[in-house]
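In what follows, structures are represented as structure tokens.
Okay, so subunit A shows up in both of these, paired with subunit B first and subunit C after.
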Partner chain A sequence: MELKLDHVTHTYQPGSPFQATAIRDISLTVGDGDFTALIGPTGSGKSTLAQHLNGLLKPTGGTVTLDGEDIHQKGYDRRRVRQRVGLVFQYPETQLFEETVKKDISFGPRNLGLSEEEIAERVRTAMEQVGLDYESEGEKSPFELSGGKMRRCAIAGVIAMRPTILALDEPTAGLDPEAREELMEMVADLHRKGTAIVMVTHNMDDAAKYCSRTVVLEKGRVVMDGAPKEVFTRAEELTQMGLDVPQVLRLGMLLREKGIPFPEDAICEEEAEKALLELFKGKSRPARLPGQEGGRGHA
Partner chain B sequence: MDEIIRLENVSYAYEEDGPRAVEGLNLSFERGSFTAVLGHNGSGKSTMAKLMNGLFLPTEGRVTVDGMDTADEKYTWEIRKKAGMIFQNPDNQLVATVVTDDVAFGLENLGVPPAEMPERINWALKQAGMAEHAFKAPHLLSGGQKQRVAIAGVLAMRPEIIICDEATAMLDPQGRREVLSVMEKLNREQGITVIWITHFMEEAVRFSRLIVMDRGSVAMDGTPAEVFSDEEKLERMHLRLPVMARLSMKLRKENADIPLCLTAEDLAREAEKRWN
Partner chain C sequence: MLDNFAFGQYYPGTSVFHRMDPRMKIILLILYIAGIFCAGTLPSFAVPLLFMVFSIHMAAVPLKMVFKSLKPLRFILIFTFVLNLFFLQGERVLLDLGFARITREGLVNAVLYALRLVFLVMGSSLLTLTTAPVPLTDGLERLLSPLKAIRFPAHEMAMMMTIALRFIPTLLEETDKIMKAQSARGADFESGNLIQRAKAMVPLLVPLFVSSFRRAGELAMAMEARCYHGGEGRTRLHVLKMARRDYIALALGIVMVALTVALSRLTAGLI
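And now, the complex of A and B:
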């Protein structure tokens, strides 16, 4: 399966005084097995690009093809794209509307005209996938769920369509640290099970930890595209764009300034831990008296 | 301690006989202090924030702002002036079509004489780093800039306290940095008491006091070093250590001679000491 954007340009309200080009001449291919992070400053065109992935917007220039077929050509059934490319908007829980979690998740599959058994099966697996309990939470109102679970319920509605590509626009925005971690693990698990992921994010630590590819947008154009290690080592350019760099990368820069040979390509926590332990091998803590250890004296 | 906000046995329920969003809260804030409030979604942070400037009145207990009881109607306006609030969504807080008008809105409501307004507005915009955008339309600004207009709007009322309820949650990294820097400066230079609610642990390390909320009460209260030294408890509160703190703790567990570090700068400095 291959989704291909070929020289895609999108101009909002063309010909009006409010004309604004959000993305320019973007060529990008999303294939099986990818986990792509889409990063860039506010207004760089990330969300516009995401909406081109499943044909929600029609390019004002260029083409979007799915397995070689132009999805905007006359007579093409765009429902096919919508099924195969799932799109999760920012704050998707604001789109929950049904009385129960099960009903909400089954909305999409029901529109596909599937049998009741097939729908139930899809709802069950989608709930399992996002870590919601079918028996105890399926009949609840989605609005009774915690913030993190509401979001996962909304994502389950998209997963129940069994997309081969899942695009998520800032899926962890506004979640607390635990809910964020759970959500990222859930996305990583979907990826392991074969769904290609495109994720718009501002969290560079997540991009460094989970993604296999990082695409950087600036002013509507793709300015970098490569493995996270390739992209994040261009820290200076990223910082100039107003983006963050992974914290581990910043640590590495500081350490090297001080003459400590921390590897330049370490970008995530695990790599940093390994590198530091290696560097400080033999420099272990002096033994302490009992009671001195810990220092957790606090209410 | 010169306290500016005090909550005494405060409980709050959204519905009569409903569950308590805040329960038996006892807390006070020192004038000029710089505090971050952490806690998982639903832990009572926002409810507490709204109790602190009289947007919510306690179901039980008492909240005082600079000695004024929020439940006493005669103080309502005085309290709102003294304790400004910034909310999460920048688009819901701006009302006018030009930045200066937006900042003037609160002043008009307070009945500030028009002759006094330009000076107060200019001062507020300057403090928020938005002077150069004074005549722009708010909807053309970035999220971080919109939040700074909201801050200017609050500042023009000359508050002593600013409460930010996840003011950076919807912003990009640059916007987050801009807004937090403005609040740091206001605290440092103007002595404004800042109460900053956040889910970002990397922001929290920049505050002098951290309060962790859980189930409507205070679960932890101390300096960042104190709070972040108890990883197990934080995890029970559905929170996580900042990346650098977690990294330094892992190294400690492997017996490396590294203390708890909260930032990359800390960790690099400690590593340097042991390197040579």
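And now, the complex of A and C:
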């Protein structure tokens, strides 16, 4: 399964005084097992790009193909794309509408025309996957849930379609740290079970920790594309764009300034932990440490 | 999905029309509407027509934008036209279908009513195209403020209109977003019979209502946080002032109505 964007350009309201080109000449392939992070400053076209992945927006230039077939060609059933490529919008909890959590989650599967048993089964699995309790929370109104649970309920509504690619537009925006962590673990779990993930995010730590590939957009163009290590080590360029770098990377830069040989390619917590342990064991402890600053190492 | 919504949209510009006092623009619109309804014959419609053409020219707004506002009106237009065509029965029969007749009077009347509707909408959309929402409601409030003497809530009305106008684009954006989100879950808004389509609106309308109520609550809170307490004793950042161009426009407007009335009288016997 391969979703391919080929030189995709999108202009909003072409020919009017409000004409605006959101993305230009973007080529991107999403295949099985990928976990791609889309990062970029506000207004760089990330959300517009995400809406091209399942055919909600039609490119004004270029093509989007799913397994080699143009999804915008005449006669192509776009619902097939919607089933195979799930899209979770920003603040997805604003799209909840049903009387109960179960009914809301079953909206997608029902639109696919599945049997009642199949729908019930999918709702149950989707709720388990997002960590909602089928028995106690299934009959509740989605509007009674807490903010974090509302979001997970909305995401379950997309997962229940069983997409092979799941695109999420800033799934953790506005959540507290605990809910964010839980949500990211849930996404990582889906990825482990075989769903390809495309995630728009402003959180560089999440991008560094979970993704296998990072794509940086600026002013509608792809400016960097590669493994998180390749992208995040270009910290200066990222900072110039107004983007963050992962905290571990910043820590590393500070430590190296002090003369402590923290590895340059450590970008996530686990790598940092390993590197710091090695440093403390004294394996690569530098010969002379400024004495008065000896205790600052694990700031 | 919803970007062809033109009615009530502001088209930024710096023309004379854009710079005119909004109060005068509203008065002009009223005069213009009076003109349209005074024009009782086809030839006398030439005067409001010329006035309209001249106004659009002065406003430097693309004709396409003005005509776009007519699109939602097309069914009402056809409906009025057909209704007038068959229901006003005169002397001179043009076409006899047996069950219904078309007379010359009916035809003239149908054309007149259709023209009035078209001109009415074009005139009003010219006002909203050249006037940003805030000055517009400001002007309206000032024009209505004499009615405060009889306890007419002019300020509240204007504030409600400002808020309503302000939130039209926001709501459209929201609608677009929810439509897309539900389409991503396989919802279909475009096919099916009337009942199926009405049912398909539920997943759209419920979230829209929920967010509107939430937004209203937040807005009320934000207004109170900035000490809003109604119109009493409120001063303005931009005080409206009439300039020479406004008085010239007023004179032109009055002349237009007078000419229309005169021409309508003169040509009354011709049809």
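Methods note: the second predicted complex is superposed on the first by the 281 of 299 C-alpha atoms of A that agree within 3 Å, B and C clash if a C-alpha of one lies under 4 Å from a C-alpha of the other, contacts with A are read in each partner's own complex, and residues count from 1 in each chain.
Convention: a residue touches a chain if its C-beta (ideal position, glycine included) is under 8 Å from a C-beta of that chain, and two chains touch if they have at least 3 such contacts.
Quick caveat, the model's predicted, so the values are computed rather than measured.
Visitor: Would subunit B and subunit C fit next to each other on subunit A once aligned, or clash?
Guide: They fit: once the shared chain is superposed, the two partners occupy separate space.
Visitor: In this superposed model, does subunit C or subunit B come into contact with more residues of subunit A?
Guide: The partner that reaches more residues of subunit A in the superposed model: B.
Visitor: Of the partners subunit B and subunit C, which touch A:Gly86 in the superposed model: first, second, both, neither?
Guide: In the superposition, A:Gly86 contacts subunit C only.
Visitor: Once the shared chain is lined up, is A:Gly157 touching subunit B (first), subunit C (second), both, or neither of them?
Guide: The answer is second: A:Gly157 touches subunit C but not subunit B.
Visitor: Counting only touches as set out at the top, which of subunit B and subunit C does A:Asp32 meet: first, second, both, neither?
Guide: neither
Visitor: Contacts for A:Asp176 in the overlay, against subunit B (first) and subunit C (second): which applies, first, second, both or neither?
Guide: first
Visitor: Minimum Cα separation, subunit B versus subunit C, post-superposition (Å)?
Guide: 5
Visitor: Identify the residues of subunit A that lie in both the subunit B contact region and the subunit C contact region.
Guide: none
Visitor: Per the contact definition, I'd like the list of subunit C residues that touch subunit A in the complex.
Guide: For subunit C paired with subunit A, touching residues are 3, 11-12, 174, 177-178, 180-188, 202-203, 206-207, 210-211.
Visitor: Can you name the residues of subunit A that touch subunit C in the complex?
Guide: For subunit A paired with subunit C, touching residues are 12-13, 17, 51, 54, 56, 79, 82-83, 86-87, 89, 92, 94-97, 107-108, 111-112, 143, 157-158, 161.
Visitor: Taking the complex as given, what residues does subunit B use to touch subunit A?
Guide: 39-42, 88, 142-144, 166, 169-175, 199, 201-202, 220-222, 226-227, 229-230, 235, 238-240, 243-244, 246-247, 250-252, 254-258, 260, 264-265, 267-268, 271-272, 274-275
Visitor: Quick check on the complex: what are the subunit A residues that touch subunit B?
Guide: Answer in residue numbers: 41-43, 146-148, 173-181, 202, 204-205, 242-244, 247-248, 250-251, 254-255, 257-260, 269, 272-273, 276-277, 279-280, 283-286, 295-299.
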